[in-house]
């Protein structure tokens, strides 16, 4: 049996306390709902963390012990500490997986790894969302048919300010006339990143079976294969070089 | 006749004052040497800026008036102000071109746009560098033959901590046994980015005709076609939607 | 002034003779309508060719003299000679541009360059098509706003059996609930390829101003920068090698 | 325990009968050597096939029963039947994995899936080859260090006439001064393809432990997740459409 994958589900956990509609849909918080359906896969060991815990629940020990981080945030991206984000980014680049959900497109960690605006069009209304499955052979799409249909969701529309994905898995159709690249992967350093669009807090999206399947698949897909911390080494040659008559005048400035 | 392209060549301009060997090679500074060969193309209007000027010479007016920014820095990346970097990044994402040279792989602006470590192996010695031309049809490679040969250069070796390039134009061979992706392009937002490896300060690389051709080509290739500031608009539907019985309970949290 | 670009617009020219509706929309043939709006750009020199001409109008002389080939075919892909397709493919790989329109997704030349099925979902009905502009900075998208709206068109739906595009410029929304990657580019060899979805023969799509702008832009974008015929050369070393004691037993089989 | 992966190793099996040096290195044929080290992984069920068998050993039954096909060919690409190649291609596009070795870059099946020339530079001599590991987190690179060193091999040099890979895993350095993209992946349809450069018949490359590890890893990586035959269906709308007053004049030409 393979080693269990250590998953941390991070939730902002604010809307649930302020908006009764959200509390009705997710009585223990969205992060607990997400953790709950991940735990249905016995190969996943799942803990949760949230914004208002010390260090947002993301201590050095938690970060070091996390194989895959799932991120949901929305109204308080600015309150996430830059220091924690820097640690998370270093962990992703060293190999940790990252699954970013919905409004997490504007989280510090996602924007920092993408290097671009991550902006989009949006509308909270009664759009139906239909996510077309472009890559049925991809591990993240196993168990999903031609498309996922969500009766009502917040709309996100193109252009989405992301770098070209390594793999484009889903494109969404919305009733109101828009489209969106709603499931996409990137490698950054040694880490695998998956962005998945659905999941506005005032809709029951994380109770939708297909959405759950995709997120469970994504967590397994994103598991680390290595843990390689950053380095920029000065190295000797592997093949013989001529002598350097100017060796004394080289700059020898470290690249750090 | 097309509009001239407004180019700003930014140089750190420190090695030249501290290392006589560098001063010999680049008596007016590396930035002036680079600006000089760019001016051979009459369609380029070229100014220079450097670290120790107020705002590093990159005032709001200069940034707004720059079509393509060429960047060389090495020993003092940390002294570049985060505020200036944030403005440069916003300009690239809105459409400005960026040509990053050599040790600029570790500049704040490049790392921020890449989202990854940008680390590599390195050695200052007597390696010959041969840059193989993988894409002779690319605008940046026009006028370049099968390869560019540089008699001696600092070695940079793989793995290079970058996201997969949109286009890989050059791969370098080094005497000491290493290889490197030495010319590559990325789109980030509406801006075009080109990274070009050669150009360590203690070698006469920016006097090499092929290196000059590549940088001139890159500046023209990177010119903006648009200037689109960031926005994340709340938009009305383009097709009719059903009424929203739950409109009052939506979060309506701005995405900013 | 730059050299004019030599464009050949190839049309199947069969529907126009068999279906009065198509003849009404395109009285001189779809290829002549397309050639007509390309000629509005004085930098393009445009000829036409069609299926029922000798060699389909694509003689060696025409192929050699074509910078960019525009292709529309639908009901008679199988009648296009394999020999002509092989010549066209060699020309694209050597540098010629190729703009493939609509049902040309199933042409021999496009399938051969893609290496995949190029299959899709389809429906001829009353769908509105809205093509969202994902890359407003791209040369092909200049002059196009947020989206192109076509009141009625044949629907093409995902999954589209293509390799991941180098650049994804447009995604289409259809009334009936589907989406499609409707504008995309690939490099193959030294040639640039653009696929553009709209243009079913029973709709007046090639009279739509935005569609015309995109195709004109694409032809200019796809112009060759080189003409490099295929070769697989046996080459001497550029750096000294030790002697080969086993030279006599090497296979020396040509790679052709 | 997972289902075993059904692997077919296809070898040309001609050099071994004609060149005593090759026969010495691979007494039972290169395909048997490759099959032998694959069988060290108990999760792989490995059979072999070769050119001079009826249907090249690739009957409909064998093709249908193969999860991953490993291909080595060199001097007789032209003798492989187009009909068999067409069946193999359809199987790859439906989901079968394909691992192409060395001179297989010029096989009909690889060229047909790439859509490009697949040409390169080459030299049979005494070059050392060092394959740098660009993506240590990739499943194919597990167990491989910074690089693989092969004391002597045929040289392949850039430019390599392939479409931009989805993932570039290895770049080779050669003593004689060349570089090569020597390990790369592509998706085509629902199938995964890996090309791996080393393996000229007059060198003992397939006895090199690192080369064996990479090929074993690649076979597991390339295993199918789906089996989806080609289709281009005419589909009804998922959302209501207005009536089509022109329904009678539509072309309704099948896309096949």
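Per-chain numbering from 1; labels A, B, C and D assigned in written order.
Operating definition for what follows: a contact is a pair of C-beta atoms (placed from the backbone, for glycine too) under 8 Å apart; a residue touches a chain by one contact, two chains touch by 3 or more.
These numbers were taken from a predicted model, which means no experiment stands behind them.
Participant: Between 0 and 180 degrees and rounded to the nearest 5, what angle rotates chain C's CA atoms onto those of chain D?
Facilitator: 180
Participant: Taking each chain's centre as the mean of its CA atoms, which one is most distant from chain B?
Facilitator: D
Participant: Using CA atom averages as chain centres, what separation in Å is found between chain A and chain B?
Facilitator: 28
Participant: So how far apart, in whole Å, are chain A and chain D when each is placed at the average of its C-alpha atoms?
Facilitator: Between these chains, centre-to-centre, one finds 32 Å.
Participant: So, what's the distance in Å between the C-alpha centres of chain D and chain B?
Facilitator: From the centre of chain B to the centre of chain D is 36 Å.
Participant: Note the residues in chain D that touch 2 or more other chains, in rising order.
Facilitator: Chain D, residues with two or more chain partners: 130, 135-136, 157, 164, 166-167, 175, 177-178, 187, 238-239.
Participant: Which of the residues in chain B come into contact with chain A in the complex?
Facilitator: Listed in rising order, the residues are 15, 19-22, 74-75, 93, 103, 106, 112-117, 119-127, 155, 157, 161, 163-164, 166, 175-178, 186-189, 200-202, 230-239, 241-244, 246-247, 249-253, 255-256.
Participant: Within their complex, state which residues of chain D touch chain A.
Facilitator: Interface residues on chain D, with respect to chain A: 95, 130, 135-139, 142, 166-167, 175, 187, 190-192, 224-226, 228, 238-239.
Participant: Can you name the residues of chain A that touch chain C in the complex?
Facilitator: Listed in rising order, the residues of chain A that touch chain C are 130, 132-136, 157-160, 164, 167-168, 171-174, 177-179, 181.
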